[in-house]
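Shared between the two complexes below is subunit A, which has subunit B as its partner in the first and subunit C in the second.
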Partner chain A sequence: MSGFMTDAPLYLAGLVTTITVSGSGIAIAILFGLALALALRSRLRSLSLLVRAYVEFARGAPLALVLFLLYYGGPQFGLLLSPYVAGIVSLGLYGGGPFAEIFRAGLNAVPKGEREAAEMLGLTQGQCFLYVELPQALRLTLPPSVGQAIALLKESAVLSVITLGELTKVAGAISSITFAIVTPYLTIALLYWALVEILSRFGRILERRFAVKGF
Partner chain B sequence: MTLPALISVRGLEKRFGDKTVLRDIDLDIHSGDVTCIIGPSGSGKSTLLRSLAFLDAYDAGEVHIFGKMLGWRDTPLGRARAGNRELTKACSPVGMVFQHFHLWPHMSVLNNVTLALRLVHGFSRLAADETGREMLGKVGLAAFADRRPESLSGGQKQRVAIARALAVKPKVMLFDEPTSALDPELVGEVLSVMKALAAEGMTMVIITHEMGFAAHAANRVVFMDGGRIIEEGSPQALFATPKSDRLSQFLQTWRERAL
Partner chain C sequence: MDKAVAHIWPALLDGLTTTMTISLAALLFGAPPALLLATAGRGGRWIRALAGIYLSFWRGTPILVQLLIIFYILPFFGLELDPVVAATLALALNTAAFQSEIYRAGLQAVPRGEIEAATMLGLSSRMIFLHIEAPQAFRTMLPALVGEIQALVKNSSLVSVIAVTDLTRRAQQLAASTFRPLEVYASALVLYVVIGLLLAGVGLLIERHLSYRSEGQ
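Our next item is the complex of A and B:
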């Protein structure tokens, strides 16, 4: 006997897994993307070319491919990861590419003259980055960053194929036991939608809080 | 007896690709000089000024600030780019004001003025704010400390930019067309701040199209054309009795437009 109420703990567990895995994956993707963006802007040509190649790969490859390489291909190189960790790392590696492009564009949008003004006042490149460029780039890239985070959250559904018990896996499991299709998938659709809505509201609050007008 | 020049330029040359935009530039800026650089667009004025702060790296010749070569180091193997730290140090006596202000839009006016004091000069927040407010007072904007740059007029923005540059106590101020981006009625407030600075004895190099300002505030005017210095001298000499045809032409055009 199965019903929505008896399945509630399963959905809840799936929801928690989806939130923690995509939350961690997005956080890694953002930090990784920022590092990649810096490398892309580096004056060391070999470094920027190498990173450019990686970014193109990450943008061109489907998440499932990154995941399979890491989860099934990893053991060949002694890299044994749990589905949970493999899921987080794949999202981070995969999401780093688009985030790198977003941050690169954001950093480039800060007028060069503002950096020159900082240099003339004796700020080091690091200080200029931290106090002048990064705060503005983060504000500017907030809308595309939220969009990218939402995309990653939804793509975390792919992680169900390596048996990670996130929302999509839960819906599949329930439907294979109860032969119900519509109810479990509509249920998780609602849950995904709620998560997306929360993320985009959060983004709008940040946007209002950090708006830089006339820019 | 003449004091050594604060900035000394010898044989300066600058190319962008295969286009030479500055050639054979010799120029001395002495302490207390107010030098206005005039000339048509594309004559190399801005590149020259930016070279004095190594914002544009010159290709040949030398720029010395307080006797120290700017941006390059002579090594047995030829010239090598000076390190960032060395460059920053050599540039530290130089303040710069840009045509388009380049205030940092995400910070308050006060933080624009105090950031370098805190990060570079080790001021506490309290001491930096005090100096910052004093500098804003100097440009008549004490009441605007907590505003964002976006809420200011162009003239006010430029005055904030001047206060920001002055806060770190430069020995010479470079102005790159400080009033060219301003509505005509806002030009005066910026020029009067600059006149007050000149009256205090600040050494200034100013690119300007304001010939009236050049005539009254400068003790020396430099006329550039085609990447060279064509004529220089006192404003009286240059404006009243130009020696070169190019300068006469330039002044003639300016007079016709001013009518």
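Our next item is the complex of A and C:
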């Protein structure tokens, strides 16, 4: 055993990278998804059709290929990204589609009467969206959003392929130095498992917090 | 499109064949354990606990890590597996965990009264499962099952990491040899999307067929 303790800083660094990269990727995916959901509901038919095509396209695309296209294909049109940035942007683009579907369903689930009531009360369209529709939609979409965030966290393991030093890459590096194979991969599997468990518990806490009595 | 890029298609389609073969094999090999896991809730405490740990692990860790563990650990037990076999095994064990949730939900949606009525009529539990539970469960879980198959095809792109020459691996090789990563990766991406759309289309056709039959009865 090369000593789990001597490798601990490496695992920690990988863990931090995994958390920051997938955290940023998830944040971008949520914002992008929200924008796409609004475009899907747009009255401009050409815009909503275009975004619908993007969402359908993104559904079938594996993250690995989105990543390769951006990281290796990007330089062909002058887009040079570091593995870190390419990883975050790919996660954001890849995750935007599913989040758009989640938010579209959530916004559609808010009763029409609420918007009519808000208009009657003199709220502008923007105010109505921000204070009436969005908060309700976010509450409704919390469980699937947490599920999607967990999926993206797990998918971030793919970023190791473009030499980004996250958990999976760390396990590969340690096993190639120490020739121990089983321990590194089992270690990171446990770390991912813990992250996923923490995220899903956190989601359940949020759900309880924002639960509305009587519903 | 110039000549260097035009000749990528045969190799990509060859990779696509491998992708589809591995995905289909994983889907089929994953189904029986998934059914066992789906019915584990009817078993004893130990069976339930073991099934729970299995589901939690395979659903809570990245597929890439699962794939690498299977690929690297099996030789320790004297099993020198071909990468294709290891890849199929890992994907099958993974999809088993996800399929089991789909089967469980589908079976749960069958009204209990139907099973009681069938029991009253003297049907054996095997016949009840085959003729009452399974057909109805299949109809309710079809959309989720199609989604899982689409996910499986997408996930199979990870087998490229252990040097299986699937569509993604082929694209990597072509990107290196043609120096045109943009065109090659975009083409491979389009192939994945087309497969995904075809699967969705087939799913809708089956759904329509099943609902038509049920109305006719």
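Convention: the second predicted complex is superposed on the first by the 211 of 215 C-alpha atoms of A that agree within 3 Å, B and C clash if a C-alpha of one lies under 4 Å from a C-alpha of the other, contacts with A are read in each partner's own complex, and residues count from 1 in each chain.
Basically, contacts are C-beta pairs under 8 Å (C-beta built on N, C-alpha and C of every residue); 3 or more make two chains touch, one makes a residue touch a chain.
Source: prediction; values computed, not measured.
Of the two partner chains placed by the overlay, only subunit B lies in contact with A:L123; subunit C stays clear of it. When both complexes are overlaid on chain A, the residue A:F68 reaches subunit C alone and has no touch with subunit B. By the touch criterion stated above, A:V161 is placed in contact with subunit C alone, subunit B being left untouched.
When the two complexes are superposed, the chain touching more residues of subunit A, out of subunit B and subunit C, is C. Of the two partner chains placed by superposition, A:F202 touches none, neither subunit B nor subunit C.
Looking at the shared chain after the overlay, A:Y192 reaches subunit C, while subunit B stays out of its contact range.
In the superposed model, A:G60 makes contact with subunit C only, not with subunit B.
When both complexes are overlaid on chain A, the residue A:P111 reaches subunit B alone and has no touch with subunit C. With the contact threshold set out at the top, not one residue of subunit A is in contact with subunit B in one structure and with subunit C in the other.
Listed in rising order, the residues of subunit C touching subunit A in the complex are 56-57, 60-66, 68-69, 72-73, 76, 150, 154-155, 157-158, 160-161, 168, 171-172, 175, 180-183, 185-186, 188-189, 192-197.
For subunit A in complex with subunit C, the residues that touch the partner chain are 56-57, 59-66, 68-69, 72-74, 76-77, 154-158, 160-161, 168, 171-172, 175, 181-182, 185-186, 188-189, 192-193, 196-197.
Contacts from subunit A toward subunit B in the complex involve residues 111, 113-114, 116-125, 127, 131-132, 135-136, 139, 210, 212-215. Across the complex, subunit A is touched by residues 53, 55, 84-85, 88, 91-92, 94-96, 98, 100, 102-106, 115-116, 119-121, 148-150, 161, 164-165, 168 of subunit B.
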